[in-house]
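Same chain, two partners: subunit A is paired with subunit B first, then with subunit C.
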Partner chain A sequence: MSPDLVIQLALTGVALGAIYALVAVGLTIVFGLLRIINFAHAQFLMLGAFLGLALYQRGVPYLAVLLVAPAMFGALSLLIDRGIIRPLLRSKSFQADTLLATLGLGLVLENGAQAAWGAQPYYFSPPPFPGVLPVGSAFLPTQSAVTVAVAAAVFATLWVFLHRTRLGTAVRATAQSRETAALVGVETERVLGLAFAVGSGLAALGGILLGTLYSTNFAMGSSLIVVAFIIVILGGPGHIPGALVASLVIGVTEAVAGGLVNPRFQRLVVMLVFLGVLMLRPQGLFGRPVGDAP
Partner chain B sequence: MRYAWVRTIASLALLTALEAAALAAAAAQEPAPKISVVIVTPLSGTVMPIMEASKHSLQMALEEVNARGVVVRGQKHVFEAHWFDDECNPRVGVSAVRAALAKVRPIHVIWAPMCSSVAVAVRDILLESGHVVLNSTSGTPRFVGPRGNPYLFKTKEDADWRGHNEVRYLKSRGLTRVVLLAQNTDWGADITRGFLRAAEPEGLTVLRHLKFDKGTQEFTPYLIQIRGLAPDAIYVASQAIDEQVAFLRQYRQLALKIPLIGPPTWTPEVAEKAGWELMDGMVTTSAWVPTEDRPAVRRYVDKYRARFGGIPGFNGPPAYDLPFITARAFELAGSLDREAFRKALREHMFTGLVYSRGTVKFDESGQAQFELFLTRFDAARRDVVIINPAR
Partner chain C sequence: MTGTARGWRAAAVAVLAAALLGLPHFGLGAYALHLMTLSGIAGIAALGLNVTNGYLGVLNLAPGAFVGLGAYASAVLSLAGWPVPVSISAALAMAAVVAVVVALAFLRMRGFFFALATLAVGEVVALLALNLEDVTRGPLGLPGIPRPAVATSSEAYYYLVVGASAGATALVALVARSDLGLYFTAIRENEKKAAALGLPVYQFKVAGFTIAAVLMALSGALLAHYLEYIDPYVASLRTTTETVLMVVLGGRGTVMGPLVGALAITLVPELLRAAPAARLILYGAALVATIMLLPEGVVPGLRRVIGRGRTAPATDHR
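Our next item is the complex of A and B:
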């Protein structure tokens, strides 16, 4: 086993992990604040990718697309939040209700996308960042490097927002206890809406980066969402740094296992890692055991 | 007396003419009798990127044939299509076939442009039903076999034929150490089985047989393994355009120069999406080339491009031919009777087609026999070049 080979595979895994992280962090934010599992997250990713593609094809520069499309999609997602999620949150069985509602919404969005754009894949053409960057004797496609850089920038911004702004403090307070936050004057309804929009925007950003790296099609989110859920559980539900670390663990494990063992077994290896972690830490890598005070 | 006789004749003639005119008018208003066609094919699901061309082409051909009519014993008939979705899923396919057999009466013919996995799953049910079935999509030899099967017909070439052509080509170029990279599906298994059967007798060494899951987008781990084996050629069995484009991009990013060869699922559509330069030099075996200079091909490609945009994918041309083959067979049979229709399919040669180099003759097991091309992608000409008639 040559070190070059391992480096090459690790680089592939880091780029994949960056996309996983964007999608999983979006999912974990929504879970952490609203306490719901959004099964339509995969389709949000897909719609975000199509929105980004439409802007790019109309001449919007790629880096601007990465800013504008997630923001637009995040704003649009508020309609779903207000129209579908919020009314269900009042119910006692809101977790089951929202799970079923988002599952149904996902099916409608996916089939609608197939009806609208057909089943064929679409590509960001011309590629925004063609070529490769040498990393020692290995290489990293420029698009992958951009993906990693964008994800890093987004997470740095998210950290600053959550830890250095009043609104970020309100978000963290709401995540810890909605009732207590409301008692101290936090407008929790606004915070929940913001969380849903940010989570959806991150899914859209992940979709655009995924669509640029590979392809954009109506079913692109479905294959990724299982991995995203694994990452959320592995990192600890609602735990953002946990989701980040778990994304990199899964991305790199998948690529390295694929290259060194057998590509057919890469998901199997991921599942073994997942099961191993859950056996040792059922609450995930960074989650707290059930019953612990936050 | 003489005039009374003339008047009677004239009156009778007038009445006859009026009655004939009335009958003709009534006939003109009556809809043409129907030939009932059951179509079992994927209409939804993740397989649609490779099956949409089949659906579109069938629709186009149905409209064209119905516009001119199927003339059976001097009477114009039209096809009445009953569509059933099999989702390229054997379980759904079995239900779809059962539903079709229960709901549609009468059934004059079944068109089955279906995935190999579904074709194998529904084969016995179709055979037991006693209906004549034409399949334009499956490469599996298991659909029409064993020899002597009376009712199942297949217009797509067997995967085995391609294997022989590809192996002979590689051997002639001295490319004897090969890695197989194939989709882990029934289709991928059929394709590689055909290649492996042909490879051993010709002295080719298969260094490794790698399988990837359907929908794989990251091929770097596979390519790194392949690079370590230093083969003379890579045989890539993929039929999904997103897999193919991802594979090509990552192959080029790794700066690999190993010659590529593959089944006819590598089409100009892939080259247009990925960029022709990424496919330059790749060799495939195929039964049609979109730029082939034949009137049927030109007409089909132009119509398809005008209506749906782009070049039809590899499942389009054989599906387009189905209504024309069926119409011609009913006309030759001179009847809608199942046995007469089956006999016409067996005994006659069908020409003027798009796929199969324009001509189909079914053998005794119902497999269409025709010649294949060996083709190479040429980026400079942005075209697929026929290297030689391979079979």
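Our next item is the complex of A and C:
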């Protein structure tokens, strides 16, 4: 086993981890604010990728696609927020209800996509960033490097937004306590909508990057979503830095386990690591102790 | 319940039983019988899921895990030469052991994170079925699974399934009407209060989850021996979604709800002659619509209509 191979695998894992991070942070933001798990997040990712692909094929430059498509998708997602999520939030059993309703929504979206676009994979062609970059004696596809850079830029922007703007402070206040935030004048209903749109936009961005790196197809989201759930829980639900760390850990574990042990067992290794961690720390690696969360 | 209501109910059950037992003799085609068998098998899993999701109020997304486990365990053992009744019993015992371990490990997790953990257990079962090729033949699936000696014909198997679902229904009805069912409902309605009153909430949850898992495994085993073939798809999210839909559509926390749901989910797409993808769109839309418009489910809704405004609260299952 050469060290080059390990580095190569780790680099692959970092790119994969960056995509996981975008998807999982989107999920964890929605959870942090609305206290729900959006099961259709997987299909949002897939639809975002198809939207990005459509724009790219119509000649929109790739970097502009990365900006415009998630924004468009985030705005569109507000229809789901208003139509399905909000009416259910009033019920005592809203967590189970929203999970089941979004599970159903995901089924509709995924099979609707299959009916519309078939089961075949689609590719961003010509590839926006062909070629490879040498990293020591290993090689990193330029697209992977772009993926990591985009994710890093997004998280930096998110951090500045949350910690250095008034609206960001309002978002954090609402995450801490919806009632208290409302009492001091935060329009919490709009903050929840913003969180849902941002979370969905991040899913779309993750989808576009994933679709560029590999391929775009109707099932791309559902094959990734259980891993995204795992990352959210490992990182501590609603905890953004936790989700980032967990994404990298899972991405690298998956790539290295796939390369060194056996590709067939990589997902299994991830699941077993997850279940093992949960047994020891049910609140996740970085979460608050159980019973503390609202 | 009044004496006349009890009489009506007994009569309804008798008519239903006669109809189910007479079904193969009404000149129904083999295909209709096949669908009834499948919906009976699915109904057993839904009855099990209802114990946790309906009575206990614990969101459980493990049908994929335990239907898959039951199917593969019984299939592998019977292919190794074990008699089918023994292989099924062993599969149920395995499911019970796994369920206790899963419940002990994860039931302390808050609310629906437990649901996601059960989903991951399902993923593990599916991945094992897919990758332990020496035992499961991976994606090719296992063919040639024997039927039990007592039910080799489709008609006999239909009766076997009717008997098994009647047994499962009786078990759930018994649990629901016993003190245990009362404790489950207390936990669902207010877990903290139940604990404050001295109920061993955690132990009851473990018990409920295990009952649910055994019934789901029975459903899986019956499916494997009926189809005489099984592949990793059985442990997928699709099994979970369909079973959840059956329970939600029929009515969470009602004895008959899951069976009504199972019949509807199996028969309606057939009647509509829906293509497979259209069928899943239909399932998804039905799940969203039920949760949003009729969260209590069809059976309590019907009961209200038939009872002509004799309004029983939706949560009262007796």
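Definition applied: the second predicted complex is superposed on the first by the 288 of 294 C-alpha atoms of A that agree within 3 Å, B and C clash if a C-alpha of one lies under 4 Å from a C-alpha of the other, contacts with A are read in each partner's own complex, and residues count from 1 in each chain.
Throughout what follows, a contact is a pair of C-beta atoms (placed from the backbone, for glycine too) under 8 Å apart; a residue touches a chain by one contact, two chains touch by 3 or more.
Small disclaimer: the values here were computed from a predicted structure and weren't measured.
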Subunit B versus subunit C as contact partner of A:25, first or second or both or neither: neither
Considering only the touch criterion stated at the top, classify A:285 as touching first (subunit B), second (subunit C), both, or neither. neither
Does subunit B (first) or subunit C (second) touch A:264, or do both, or does neither? both
For A:95, is the partner it touches subunit B (first), subunit C (second), both, or none of the two (neither)? second
Which partner chains sit in contact with A:51 here, subunit B, subunit C, both or neither? Use first/second/both/neither. neither
Which holds for A:214: it touches subunit B only (first), subunit C only (second), both, or neither? first
Once chain A of both complexes is superposed, is A:195 in touch with subunit B (first), subunit C (second), both, or neither? neither
Dominant contact partner of subunit A by residue count, subunit C or subunit B: C
Touch check for A:230: first (subunit B), second (subunit C), both, or neither? second
A:108 contacts which: subunit B (first), subunit C (second), both, neither? second
Those residues of subunit A which subunit B touches in one complex and subunit C touches in the other: 111, 114, 222, 264, 267
Complex contact set, residues of subunit A against subunit C: 37, 84, 87-88, 91, 93, 95-97, 99-101, 103-112, 114-115, 222, 226, 229-230, 233, 237, 264-265, 267-268, 271-272, 274-275, 278-279, 282, 290-291, 293
Considering only the defined contacts, which subunit A positions touch subunit B in the complex? 5, 8-9, 12, 16, 111, 114, 118-121, 123, 132, 139, 141, 213-215, 217, 219, 222-223, 255, 258-259, 263-264, 266-267
Subunit A partner, complex, touching residues on subunit C are 53, 57, 59, 105-106, 108-113, 115-117, 119-121, 123-124, 127-128, 130-131, 237, 241, 244-245, 248, 277-278, 280-281, 283-288, 291-292, 295
Residue numbers of subunit B touching subunit A in their complex, please. 44, 46, 48-49, 51-52, 184, 210-213, 215, 217-218, 220-222, 224-225, 228, 241-242, 245-246, 253-254, 273
